[in-house]
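Structure first, then comments.
Chain nomenclature is as follows: A, B, C, D and E, assigned in order of appearance, with residue numbering initiated at 1 for each chain independently.
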Amino acid sequence: EDPIKIALVHGLSGSSFEAFSKQAQTGFELGIEYGTGGTNEINGRPIELIIKDTQFKPDVARAVLAEAYGDDEVLLAVGATSSGVTVGMLPIAEEYEKILIVEPAVADSLTGPDSNRYIFKTSRNSSMDMQAQALALNPDANLHVATLAEDYAFGRDGIAAFKSALDGSGAKIVTEEYVPQGTTDFTAYAERMFNALKDKEGRKVILIYIAGGGDAPGKIQAMEPSRYGIEISMGGHILPVLPTYKRFPGMEGAVYYYFEAFDNEVNAWLVEEHTKRFDSPPDFFTAGGMSAALAVVKALKEAPDYETDTLIETMEGMSWDTPKGKMTFRPEDHQALQDMLHFKIKVDDAVDWAIPEKVRIIPAEEMNIPIGRDNQG
Amino acid sequence: MQNTGTLIVKTSVILIFALLLFAPFLFQDVRSLEVAARICIFIVLVASFDLLIGYTGIVSFAHTMFFGFGAYGAAILLKTMGPGWTPVILGALAGVGVSLVFAIAIGLLSLRVKAIFFAMITLAAASVVLVLASQLSQITGGEDGIIYKAPDLFKPATKLLTDADGKVVRLWGVRLNGKLAAYYFVFFCALALFLVMLRFVGSPFGTVLKAIRENEARAEAIGYRVVAYRTAVFCLSATIASLAGTVYAVWLKYTGPDTALSFAIMIDILLMVVIGGMGTMWGAVIGAVLMILAQYYLRDLMGAASEAMTGIPLLPELLAPDRWLFWLGIIFILLVYFFPKGIAGTAMAWGEKA
Amino acid sequence: MTALTTTLGRAGGVNLLPLAVALIAFVLIGAPSSWVTLTVAGLAMGMMLFLMASGLSLVFGLMDVLNFGHSAFVSFGAFVSASVLAGLGGWLAADSWALNALALAASYLAAILFGLIAGWFFETVIIRPVYRDHLRQILITIGAMIVAEQTILAFWGGTPYSVGRPAFLEGSWIIGDVSIEIYRAFAFALGVAVFVMLYLVLNRTRIGLLIRAGVEDREMVEALGFRVDRLFIGVFMLGSALAALGGAMWAGYETLITPHMGADLMIVVFIVVIIGGLGSIEGTLLGALLVGLMSNYVGFLAPKLALASNMILMVAILLWRPNGLRPAVK
Amino acid sequence: MPSPSLVTKDLTIRFGGHVAVNNVSCAFHPGELTVIVGPNGAGKTTYFNLISGQLTASSGSVLKDGTDITRMSPSARAHHGLGRAFQLTNLFPQLTVLENIRLAVQARSGDGWRMFRPVARMRALTQKAEHYLEATRLSGVAHQTAANLPHGDQRKLEVALLMAMEPDIYMFDEPTAGMSLDHAPDVLDLIAKIKADPTKTVLLVEHKMDVVRALADRIIVLHNGELLADGDPAEVMSSRIVRDVYLGTATEGAA
Amino acid sequence: MSLLSVRNMKTDIGQYAVLHDVSFEVPEGGVFVLLGRNGAGKTTTLRSIIGLWKPSPGSVTFRGEDITALHTADIARKGIAYVPENMGIFGTLTVDENLILATRNGRFDAARLARIHDLFPALAQFRDKQAWSLSGGQKQMLSIARAMIEPRELILIDEPTKGLAPSIVDAMADAFREIAQTTTILLVEQNFAFARALGRDMAVIDDGRVAHAGSMDDFAADTALQDRLLSLSV
């Protein structure tokens, strides 16, 4: 039988994010394995993965994606790692009229107006991150928040989503600080936030939303915000970064995935197999990659034929099981709605990293994720 | 006066242009066409950088900035005004305008200071523009960049020639569609800009640039206003880089920091100009071709090599496709070390001796 | 005008610039506790920059070698020391102050040792053929930077690497409303020590002179009886070791490091050296302190300008003094 | 006597506390060759630098045909007809001899800003350059890179560049220094030819007394930056003061 | 025994053979003059002695010790100073710094410094000036002063009088005479009058070979020989 070709288009060289891509690809392979019961076949056809490197360059990404669709004649493609690169890839899917599953790039805009009906997105988006983060703070009128984010679209959009989630709860934003990307010294901004918060009555929180390095939380923590009764809050992170969270015992926030927090059959298999094969638990891009693969498997199993339009039809509104529970492709913009984890940091000297202990799972329905575009219209 | 080395270099360049001219017919896969278009753009970009570094001896790290101005000019207007030729032309003009303003400001302000300080100032300026592009995301799309549509002529669905049934005519198996038109737009723009630059370097103006590179004080003493010439060539090369940016933006239908502004592109340009050979123009062509082929195909080659080596210790590790940049770096060092004049320069000098 | 210049010169000239900046900031900021916090943080940040810039200043200012690969030494220093700290995790986590300090010292020594060896290698293999040729220096060291970054990626992987920090360097001293990060105070002390050492080596011995002379006319220095080749290797090794130490220190400050951390820092490090003026370690210190203070003040007073503050500072100073604040070489 | 083509009025330059050229006022006339002598460090080269613009005067002025050029850049002065050859060879090392000279020719003709015409097709430029190659007997090495020339030929090229600028005022700074006995006469003949043109003014710095005697119409003596003597060669050279500060005693006969 | 002996020296620069066969003996004390036309190989000979070019074959022996293979710095430390044709001034260093580098231990011997300042007053006047701004002649003086700031065994001097005013040339002749009482000088010179006034022994190099060697007095007397070797005819 003809193999079913799937292209994995990720950044594999040229940036330190290449490690994320590798997690996603490992996850994808595991997902195929799990989804096909180890046969690696769907409807009797073997699955062939074609790996492409975007080199983290949008132009390269466009070329290799076009190549995958045009020359390798893949059925669909999965990718890419960074949002900028992925934005560049969107029109190629439309041009070739083939499906692109976005994983693990996060930006909301990937399912926004510039997107198109060939795009499905299994990765969570920034709105989910920030809304979950807001919910994890249990906002009420007593809450005062100062936000710290990087000064570009990602940071500003994130804070906007956060604010909209606080709307109506009575919580107040006392100041919004935006730092240039790549900032490493946060003293000045911390002073500004301290000055804005210190005389407020009630719960005082500094919300940190910085994707890059710089270790803003650690540096602000070192200035001992606790002397003003100020807490720090931020989202979770990948395992290699979690050791630095040991400095924030008791901190609450929200994250996309932590291997111990989700209790389901898929996750149990993933954790067991991953630990067996790689001697370490799966990280969150691994889970993401697996979710994407499981979506593909389910769609291919269910679709009557593999014409793109049929596949789109199959996938719109489709729900499937993933390591983090059930996900559903929203028909309007093809974003997969999914649960998030509200955690509290626990420090255990026997574990290398700080453990984001489950407080609760924030169900997808609880979050009001704006619809980016309407593919139905 | 033509020696064999020079002859070989010039023949290869002409051959390269011939291959580029027939690329859509010779290599009928998607990636090849992308690669060919990218080569065309970078030939112009690298050659315009060579005007600075190779001919005049000015080290600037702001070349991608100008490239970016051109690209963003077209991109922003195509996005806001919709596809068409007017936004392309206006965008090109806007890009050139902004580039000129920056080039003149930087030039007048700092072409008098030590060469190395100038390099650092351009580096700083470029990095500020890069961050600004990501901060002004309403206009520039920020980190994610902008996608937009090119003029209708370049739509893949556009039929350049139709047969009796109204289907696209195929010539040697190639569909005569908008994609082809877009490629030839890129190719001929690049060719024209390259020829213009060839003209520049052969003119009296070009010889003055070389004189400034060789001995600035003496050039001034025999009557050339060095600062004026430097500023002029800085503006000139900025203009050409900006135009190249516009063409690339039209081709890619996407513009973002990583395709038009990032420091990685600057390094690519440097690598290309050095590998090809500075101060020759021909070198730009050779450098751009080799580097881009490496970027797109070295990985694959290494993957194959790595697989072939399985079993042998260490080698497969080092040949792992993701380490291709490592090898590129080493090749680059060896080139600078053993062929300081680059491929074209070395070939031409070798011909001189022979 | 001349009278003003001479009065200023007698009072300390450009050396007073950081003081002047601090005074102006005091007026603008208003809140004394914030001002002290910012000033102390800025000075410490300056010292950390100085640590990383001093090596560059040596090879760039004195030997006229434009080493873009300097950033690789910074990154390597960071990763080597972080690995040693990870290896000595037991000591670091121990309850004994002495063991903590020992682990830290070992990690710095490892970084320095690495810097020395790598510097030796770098000088002999990469730099030697391109002395006096700026363009080739830029190019060949950019090549080296790529290779070095890839090597780090291959060794340590691309994920951010977390750096241990001894307990006694965590936290801050709180005096009233002023907070002084302990790690910064430590960095400040280390920076001062390095500065004093360099100052003595360069000003109390003929080494500084020899380096400059050797750059200008190597053969003549040899004809005067000095082994320029060994001298240059020595300087380069020292410069690399300083970079590695700076990287190790920065790693402790950042606590999470990535292979391109050195490259990210390079622009500001270059700015420091240029502001200071080529060839003088005093100038580099001055430049570093200015950059450190300015970025903190601007960040507090006008966050929008923070992005360009270094750039504006550099351009302003170059317009005022085209050779930097205290160039040793004209 | 025609009106002076070049005048320096109270020309002074200070370097820190040191006054390298001190209140030098002097006029030079077309058709006249003035030799400038003086001990090392007297300020001869500095005086040239002030006239041709490599240095800008602290005070005083330089007038060319009545126009004040004191604040002009070297290139502007070159356009006003001041030409200068350097004491230390100062060429475009990686360009060929022909290209070196063509640069000077085209600076003179003002073609430097033409961007589209290939130089190769501008016959007039090349012909003129070839003319000066012949005049300086450098035709044989026209296509060699300047850096590869023997020392003597480099000195000749230095002079050829000045000739090709076709200035009104020629300034030579020790043109024959380090030139061997078989090369020097070529250059001296050239200078003699220029001197024969009544519209040209020539300034020459020279330490070799036989050269001075053979060429000078007039000698001025600089010492410690000041103008010490000015006048007829024989008279100046025999004056006590010049013997004291400049010539010494022993070598006079031998030089 | 002679202080320095050069035997069968053949030196190539790149692919060019510059010296073919140079041999001569420099006796201890006094001034030994090397004469020769432009491009004859005089400078190359000096550079081969100080180790900046490596002759092969051939040998350079200093006080009976073979120094051919030594590093330039080690040769210099044996007490040989070199004043190159291009003066080798460190332009970014001050006059005093230039001198201090030439001292053995980084300190001036007051008497020697005074003697130098006496001989070349300009060097006293401009002690703290950066050397690039000196006039051509002043640089030449500084270069010679560097060779005199320490006691040496042998000084190699390449065309010191080029570009110097006549009165300075006089003073320099006196200085050389004085130095030569304690130190041997190997002098390369084009200015024959100057050379004749100083030299005791001499050799003429022509086309990379020693064309003549002997005493200066004999050579000065033989105008035919001078004519043939130096084309000095007036």
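Rule of thumb we're sticking to: a residue touches a chain if its C-beta (ideal position, glycine included) is under 8 Å from a C-beta of that chain, and two chains touch if they have at least 3 such contacts.
Bear in mind the structure is a predicted one, so any value in this text is a computation, not a measurement.
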Inset, instruction - Supply the minimal count of touching-chain steps required to go from subunit D to subunit E. - result: 1
Inset, instruction - Check every other chain and keep only those touching both subunit C and subunit E; list them. - result: none
Inset, instruction - Please flag the chain sitting at the greatest distance from subunit D, going by CA centroids. - result: A
Inset, instruction - Averaged over CA atoms, how far is the centre of subunit C from the centre of subunit D? Could you give it in whole Å? - result: 49
Inset, instruction - Averaged over CA atoms, how far is the centre of subunit A from the centre of subunit E? Could you give it in whole Å? - result: 77
Inset, instruction - Please work out the Cα centroid separation of subunit A and subunit C, and write it as a whole number of Å. - result: 37
Legend entry - subunit B and subunit D: spacing of chain centres that average the CA atoms, whole Å: 45
Legend entry - Per-residue multi-chain contacts in subunit B, two or more chains: 131, 135, 323, 325
Inset, instruction - Scan subunit D for residues touching two or more other chains and write them down. - result: none
Inset, instruction - Identify every two-chain combination in which the chains touch. - result: A-B, A-C, B-C, B-D, C-E, D-E
Inset, instruction - Show which residues of subunit E lie in contact with subunit D when the two form their complex. - result: 37-39, 122, 125-126, 129, 133-138, 140-141, 162-171, 173, 190-191, 193-194, 197, 231-232
Inset, instruction - Please name which positions on subunit B make contact with subunit D in the complex. - result: 1, 199-200, 202-208, 210-211, 214-215, 217-226, 229
Inset, instruction - Write out the stretch or stretches of subunit D touching subunit E in their complex. - result: 15-16, 18, 37-46, 87-88, 150-152, 174, 177-178, 180-183, 207, 209, 245-255
Inset, instruction - Could you please specify the touching residues of subunit B with respect to subunit A in the complex? - result: 29-31, 34-35, 38, 131, 134-135, 137, 141-145, 147, 156, 252-254, 256-259, 264, 295-296, 299, 321-325
Legend entry - Touching residues (chain side subunit A, partner subunit B) in the complex: 12-14, 18, 53, 55-60, 62-64, 66-67, 69-71, 82-85, 87-88, 90-91, 95, 107, 109, 114, 151-154, 156, 180-182
